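Here is the structure we will look at, set down as structure tokens.
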Amino acid sequence: MDAILVTGFEPFQGEALNPSWEVARSLAGETVGVHYRVIARRLPTVYGRAGEELVSAIREVKPRAVVCLGEAGGRTHVTPERIAINIMDARIPDNAGQKPIDEPIAPDGPAAYFSTLPIRAMVEAMCGAGIPAHISNTAGTFVCNDTFYRLMHFIAEESPGIIGGFIHVPYMTEQALHKQAPSLPLTTLVAGVRTALAVVASALGPAGVPKC
Amino acid sequence: MDAILVTGFEPFQGEALNPSWEVARSLAGETVGVHYRVIARRLPTVYGRAGEELVSAIREVKPRAVVCLGEAGGRTHVTPERIAINIMDARIPDNAGQKPIDEPIAPDGPAAYFSTLPIRAMVEAMCGAGIPAHISNTAGTFVCNDTFYRLMHFIAEESPGIIGGFIHVPYMTEQALHKQAPSLPLTTLVAGVRTALAVVASALGPAGVPKC
Amino acid sequence: MDAILVTGFEPFQGEALNPSWEVARSLAGETVGVHYRVIARRLPTVYGRAGEELVSAIREVKPRAVVCLGEAGGRTHVTPERIAINIMDARIPDNAGQKPIDEPIAPDGPAAYFSTLPIRAMVEAMCGAGIPAHISNTAGTFVCNDTFYRLMHFIAEESPGIIGGFIHVPYMTEQALHKQAPSLPLTTLVAGVRTALAVVASALGPAGVPKC
Amino acid sequence: MDAILVTGFEPFQGEALNPSWEVARSLAGETVGVHYRVIARRLPTVYGRAGEELVSAIREVKPRAVVCLGEAGGRTHVTPERIAINIMDARIPDNAGQKPIDEPIAPDGPAAYFSTLPIRAMVEAMCGAGIPAHISNTAGTFVCNDTFYRLMHFIAEESPGIIGGFIHVPYMTEQALHKQAPSLPLTTLVAGVRTALAVVASALGPAGVPKC
């Protein structure tokens, strides 16, 4: 069975968990849209290294699609990202202590890459299922965007047959108990991403049949 | 079996539903804390009239406790209210077209009444159950506060043996799909209020045994 | 010349300044509405002690009106407060390290006092002058509300001839440079409070002539 | 004297004014950084047409730098934009009734262009002057981003000797009186953009001397 690779990040900034990984591992092993199996991997919240581990996972898993998940504390909706931009700019250090300011990710790369996932259809399907979702036009400039850009750069340069993109999720309710911040239960986040993956699977068509 | 009266409001401001009533009717008929049955009633989103219907329901149901629920669009947490204030001040008309500005609810009543529900314990129980909750210090000046004040005024004047208060709930996810607003699923709101009612029941003690 | 006493607070929570005191001292010595002189005092950000120092200042200055100012970080508008409530409930320690939870300010006092300032007219005058302003229905439960309640309690018990209330102001721009928070320049805050004081003076009528 | 072209937009969505144009026209004719004169132009809030009028103005004025200004209601800070993206996606119609969904601006253009203004230095200078400012990573997908992208596309294709970019400004206080939204006075917005333009002028170096 062909695979969709879904990644989440390890916790950062003192949090005990990261909802992106909680969602990814909840979906691990599920069959999506009849033909695809979800393979889940956890990435470090570290500039550069997350992208390297992602590329290794792609080479190993050989997925038809890659959907990276990340935490966007403060957001109210599940938000497929439209675009990854060629910049690293950190307000807080990553988990390796790096704090780049206005540095390019790929000095010779383009300014940005659009997601190649069907983000509009994903949002419509999630809303249709009662999950708050909208398209986001910025993935920020922290490790999420960094990983998203490195994914799209790798696909463009070395693996044009696969599609890829990024979805930000809000805090899980457990994280927001003592914060003045919006949140959704893990079950809602999982249901939202599962719905989005079904749309991805549908866009891919039957497994094993490359789209031309 | 003794009763806890739980109320919700009808929809207003063009909404198709009101999460406060969806929660109340979800809990209708449940047994809370061994000894109490939830009786649910829907109130009109109308200044004065909601309070009148509430008082009629109290006279009919003879509950040991009254917990009114209301919608607080924009909030992120389930929020037991601390205090009801003696003012009506509307930014939008109520469902009967009334739009009072800075008018007292009870010209001879006190400035405010504190909730007599165990709001701190309710919040702690909800957080312990993974439901985002905190105490709110303002129920606003619309029909929610109006009903809350009329409830506490009635209890103080005519029915000192019962306890009462108000809980605001955020939008349900269904309402927030096309809004930039936080929300929680109905199941989460119901679980939160159920947890809060268990604390209310516990504070009441065994049914049929008035606390002195 | 009769006096209007205007107070601000010292900085707290690591801030270098408190806009409420910056506004108060900017207005110190000004003549408001022909007949009144502004006397400014700085209060400690300490539960109880602020109210004590305020009462001492009232006894010394013998003002016709008292307008306490406080900082409300995160607000966008200048906000005259409608009501003070009889509770102390701190999320952070005050400047003396006190952190009361759900304690009454005055165990025998009423649940709340309404401001006796002409808050609606103050807001309308500020908006008319191009200053963002609206009425607030909660002064919180920290030292601001505590001082406001103690002010109104003192007036009710011992000095019914004077009027009093509270105005919260947003961050000054200097404070928000590195925060994701709204702010207004000090000049705007000063212009707003000056406009509000003119309405207070107008409500008092000519100095030296008690209103009956 | 060489020119810096500064543009603002006409009002939209029922507003009576647009702070971006109020700022631009306030600065019109000023000398910036000794060597440059500000030329101000107002653009229509219309996809495509704004960019066309901007290009016409560039051809006529022959500026050394172009700084487009736009309104970002809800923002708290003056925000130089980092990047323009190749997409039109409207939640509300523009002033000509157009409401494109997910359409490219330039079908053969790159996914995005980075601003060529010294945005980091502009932000630091504004903060140093007490003006709330930070870099923004999304100019949205409405007419502001459209115009910004068309500007950068024109510069890249036809006029590589000039630098250009975009700055979003919050609501002016006059607009926010009856909204629950942050704002800054026009004088603050003008002071902020003037400070930013001085940094632009400094980056350009002496007028008439092309940088190589």
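In order of appearance the chains are A, B, C and D, and numbering begins at 1 in each one.
What we mean here is this: a residue touches a chain if its C-beta (ideal position, glycine included) is under 8 Å from a C-beta of that chain, and two chains touch if they have at least 3 such contacts.
Here is each chain with its UniProt name: A, B, C, D = Pyrrolidone-carboxylate peptidase.
What you see is a predicted model; the values in this text were computed from it and never measured.
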| item | value |
| --- | --- |
| Steps in the shortest chain-to-chain touch route ending at chain D and beginning at chain B | 2 |
| Angular offset of chain C relative to chain D [C-alpha, multiple of 5 degrees] | 180 |
| From chain C, the most remote chain by mean C-alpha position | A |
| Numbering shared by both copies at the chain C-chain B contact, with half separating same from different | same |
| Chain C and chain D: spacing of chain centres that average the CA atoms, whole Å | 39 |
| Geometric centre distance via CA averages, chain C-chain A, whole Å | 48 |
| Approximate Å spacing (C-alpha centroids) for the pair chain A, chain D | 31 |
| Residues of chain B whose C-beta touches two or more other chains | none |
| In the complex with chain D, residue positions of chain C that touch it | 76-77, 127, 130-133, 173-174, 176-178, 180-185, 187-188 |
| Chain B partner contacts - residues on chain C that touch it in the complex | 82-83, 85-87, 89, 101-102, 110-114, 120, 135, 137-138, 140-141 |
